Amino acid sequence: MIRFESDYLEGAHPRVLEKLTQTNFEQTPGYGVDTHCERARELIKKACEAPDASVHFLVGGTQTNTTVIASLLKPYEGVLAPVSGHINVHETGSVEATGHKVLGLESDDGKITAKQIDDAYTAHINDSTHEHMVKPALVYISQPTENGTLYTKSELEAIRCVCDKNSLLLFVDGARCGYGLKSENNDVFLPDLARLCDVFYIGGTKVGALFGEAIVFKNEELARDFRYMIKRHGGMLAKGRLLGVQFEALFEDGLYFEISEYAMKLALKIKKTLCELNIPTLFDSPSNQQFPILPNDIYKKLSEKYSFSFWCAPDSEHTAVRICTSWATTEENVDMLIADLKREIAK
Amino acid sequence: MIRFESDYLEGAHPRVLEKLTQTNFEQTPGYGVDTHCERARELIKKACEAPDASVHFLVGGTQTNTTVIASLLKPYEGVLAPVSGHINVHETGSVEATGHKVLGLESDDGKITAKQIDDAYTAHINDSTHEHMVKPALVYISQPTENGTLYTKSELEAIRCVCDKNSLLLFVDGARCGYGLKSENNDVFLPDLARLCDVFYIGGTKVGALFGEAIVFKNEELARDFRYMIKRHGGMLAKGRLLGVQFEALFEDGLYFEISEYAMKLALKIKKTLCELNIPTLFDSPSNQQFPILPNDIYKKLSEKYSFSFWCAPDSEHTAVRICTSWATTEENVDMLIADLKREIAK
Amino acid sequence: MIRFESDYLEGAHPRVLEKLTQTNFEQTPGYGVDTHCERARELIKKACEAPDASVHFLVGGTQTNTTVIASLLKPYEGVLAPVSGHINVHETGSVEATGHKVLGLESDDGKITAKQIDDAYTAHINDSTHEHMVKPALVYISQPTENGTLYTKSELEAIRCVCDKNSLLLFVDGARCGYGLKSENNDVFLPDLARLCDVFYIGGTKVGALFGEAIVFKNEELARDFRYMIKRHGGMLAKGRLLGVQFEALFEDGLYFEISEYAMKLALKIKKTLCELNIPTLFDSPSNQQFPILPNDIYKKLSEKYSFSFWCAPDSEHTAVRICTSWATTEENVDMLIADLKREIAK
Amino acid sequence: MIRFESDYLEGAHPRVLEKLTQTNFEQTPGYGVDTHCERARELIKKACEAPDASVHFLVGGTQTNTTVIASLLKPYEGVLAPVSGHINVHETGSVEATGHKVLGLESDDGKITAKQIDDAYTAHINDSTHEHMVKPALVYISQPTENGTLYTKSELEAIRCVCDKNSLLLFVDGARCGYGLKSENNDVFLPDLARLCDVFYIGGTKVGALFGEAIVFKNEELARDFRYMIKRHGGMLAKGRLLGVQFEALFEDGLYFEISEYAMKLALKIKKTLCELNIPTLFDSPSNQQFPILPNDIYKKLSEKYSFSFWCAPDSEHTAVRICTSWATTEENVDMLIADLKREIAK
């Protein structure tokens, strides 16, 4: 079985694993205050052109989303997010587990607009019974989104603008950050995210690391006492240096960008094939997740050899699936998939 | 200013107040284990024809919704509710404050269907990633709904049926229960609610009491250790007998039904007038809340003399409002409102 | 059975009930924004000589403690409190239900000292692993304490001082506030509490009201968005004016102080009797709760006629009980109890 | 600097790292349902002689404690634990963050007795106001304890017995499980833990793994829907197979026991030296943590070359520290420490 179902099918990039092995017998203090974490923090601040940022490392995405959100909100405050946002659908209510409501905004492609955010906040504040409702206080979006789509810089700037106007915080989930950065027409880079967000994170789990997400708070004040929050949420890794070492490997000589670019090259190959073959997609995704809508017989045939993520059944004749590339995808497998797709469609 | 904005504008029905005064100097133990509470429990079980029920009294509706829901769910479980449900909109995230997600189902008129519930549960369980999502475990509906609409007995039976099929609990918010019971074509009575629900409550706050809601659990097992939960949620009234005394007054000789019927007579008068005057309404409500859509100039004119609840602005020319009757509404005021409406429309 | 077990055995003082009756048919908006609540707020601010205070009304003590604490703490912060504090023992973990740990400090008589608070905070901050521990952020004490004891003004000033030094908030539970104010040697008055605390409350439930606690925040900033918190915790009384009306009755002409003084006169009578009869007490309480340690046979004999709260069994021969007086206690009953005590001891 | 401050100073045992490297390019589904996790589960069930157990893997100890406890308790229930228990002191209130109170029982050496547990439960249930207090429902203890001490089999059996009597669950934190198993006089082995506990865990983080704890529930029923809980608490590792692979390495040919035995040999060397030199210890620890009380000058001198964990200052002349051995400690370093200790004491 050749697997395309997700971008976390393998372990870590060999250079990440190698660095873990090299440093294995170093003795370091626990909990992320070692020199590897320190150096990784500096590398990330540099990549973000954000010398005042406060960088923290956590193991996984749900943990990151929940701990960040819970650290920034007052109890009666809630999160504006697209209905398709990961926190609203696929985290088993982790945000609600901390007492906060996710206030879903409609979205066709995984993105929301500055206007939607402004309208939601304005409607709340203008309602005479607003004290009886959860107060919107933070905007959660993903870049790329769960549907592979990307915000443009001007869209993000407009969102920042309504956040400023309404005293809302902006948090960007960058679990697949790398693949967005290296998407063909992307114009949002790490320094843009650092400038426009109050907090965002750079995903390692899906981009070369065994695990790990690097959270970038705009400044120390926003991250105040965040380490208490990490511990309280069970996210304080005893051997914290494992996170530092991995992000060092990813950022000390551009590995993060290099492998993201590689994965995007393969994703684009698939995207172009789908286009050529007139296979429709659920979303027009410019990043490493592609969502073709396949005739059922072709889906069935391909499934004998490949695994995809089932996404939905748009009608009784078709199945929409997710196909992911990653740093670990081989070009050979992509080419085989393309050839098989072409052959099946041609039948 | 003559107020029609809600059904909790005045204190208590005089017979309720009188009983509070008569019993004022009795010495009773606290926390709802006194003889008044005991008697009120018996009266309610009798009215519900539910000798095995477990009856508990709380002060208000939000407290009741939250305490009941939190007592019945495991941490990862959520509540299926209409998007317009009180718990989803107007309780400042009280349910989320206990860690549970409200899973909103679309609704035009405040009601949801058995099919919607079944589809939501089935979609969850059939999803291969269901452990990554909140598990639906309880259905919350209101009778009458927040929009004044009512479930029929057959609708409720269908909902009970899908709940049984899918091991879902059914909880009915009866904050305005009395007004539903006495609605013209209603066919759902207290014994039906007691038979069809796992738990429901009979609202006192809006139907004659100073405050108070009587929760009826189907049996003692469902209510196990519920008093711990009441205390934990800050709902254990020190002078618990105040709740018992009020529900005694409401249920010892049918006062609850009598005053509900009275309020419904007045509501129907208003409803018929709206119909005669061809004033459209937001919802076709057969209960004590009416939602006329008024031309702005008439709304403005009437607002000089009457207060309504602003509901929404369907377009730039109209304003939709809520008009409530209650046990305390005077027929004189209703007649005056009707006359003024007629005069304004006729202009 | 003549009951001395608590100070919430009866309803309300007749003048409170009378005012509820007089205002019963007024139509007011809900949720505590009516003119009665407004006036009661002004009366309380005046009594506290605290024009900048922000006053809110809730129904009961546990609700008040929890809502106030949850509104003031960040998620990882905890409450320093005497181990015997009501929140630590008798609120079914309400504070923990909001995610906060109660950090108990040892206490023999219900009080804690400024030094204990300072030591606890200093130990925390000086510990190199403090991020792995709950951060003390608020001090909770009761005046009078759960054991009837009282802080002196200089003790409270010392506590305020360490709070300022360590950026700790000070919250005083005044559920029995009135009885403390009128205790013989008390030197802590409402303006002192308003000046020394960040927030405290004036109990109504145990001092003349049917129910109700008046929370006094030092300023509007500390109470920011507190109404959201009230609603979120199920504490927003629909007919909020019931709280306003009762506190108006208690504070418009000094009723609160008058009835507290009356109860204290009776408590003192009992205290003096215990002293004369050489009956030891658990705590040297100058307020309305007395804790005599009775020989078991006398306890048994008296229990045929009177109800007390069982407190503990110091040894196999004795039983310690709580005897309370209140605004509703009759002098006749107190005299009878005293006579019976004397007779039994004399046997 | 030679570090003895903890048992998580290095990475993983080389055989663990090697297996991670060997399996790095395998494609597996995420979230712990891969073949490595399956095999590791079987190995652990076999080691525990518990074919009906349900085994789950999490990344760290605090996450494990919190997720297990939150999954087993009803909202108003609490945890009986020694005051020195990790959950009560060093997890930043993680358990409270899920709404549950930790009910601390006094302990000198980190252990509690069956009698203490029985007394606490009995006192609760016999109190007429028990509904106003958190209900004890689960016992949390550690083996070895945070102070290095061990329960004997008969002590654990007595605890199991009072748990059965009072319907309490028993949960053993085995973060340092291996070192206890290989302690000289230990008579509690994995099958004993599996038989006596409702749930316990086998720590990997401190015993050879990069990270990871293997939770062993007595049966599937106790672990029902536990994967929902893992996800809700942010503990569902995307590349779950990393946990499976590591526990495979530790349990496929006895590595876990082998390296624990090695660490214990070194710990015993240190313990014997302390004894010979008449250096007192805080606790009589038979496991891999030793707690010598050093004269300040010797502490200062040794600290130039070695790092220990500061534990407390018993008086102004002495400092108590923690010295740990682990699978990664070298005999050379231990011998050097022993020689330096001897020399310093001899001065």
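Labels for the chains are A, B, C and D, by order of writing; each one numbers its residues from 1.
Going forward, contacts are C-beta pairs under 8 Å (C-beta built on N, C-alpha and C of every residue); 3 or more make two chains touch, one makes a residue touch a chain.
Remember, it's a predicted structure, so these values are computed and weren't measured experimentally.
The interface holding more C-beta pairs in contact, when C-D is weighed against A-D, is A-D. For chain C, the chain with the farthest CA centroid is A. Spacing of chain B relative to chain D, judged by their CA centroids, is 50 angstrom.
Centre to centre, using the average C-alpha position, chain C and chain D are separated by 42 Å.
Centre to centre, using the average C-alpha position, chain A and chain D are separated by 34 Å. Across the assembly, chain A contributes 75-76, 91-93, 97-99, 131-132, 228, 231-232, 236 as residues in contact with two or more other chains. On chain B, the positions that touch chain A within their shared complex are 75-76, 78, 89-93, 96-102, 104, 128-129, 131-134, 310. Contact residues of chain C toward chain A in the complex are 31, 70-71, 74-76, 98-99, 131-132, 135, 225, 227-229, 231-232, 236.
The touching residues of chain A, when paired with chain D in their complex, are 1-3, 5-6, 8-12, 14, 17, 20-21, 23-30, 59-64, 66-67, 91-94, 97-98, 205-206, 210-211, 228, 231-239, 242, 328.
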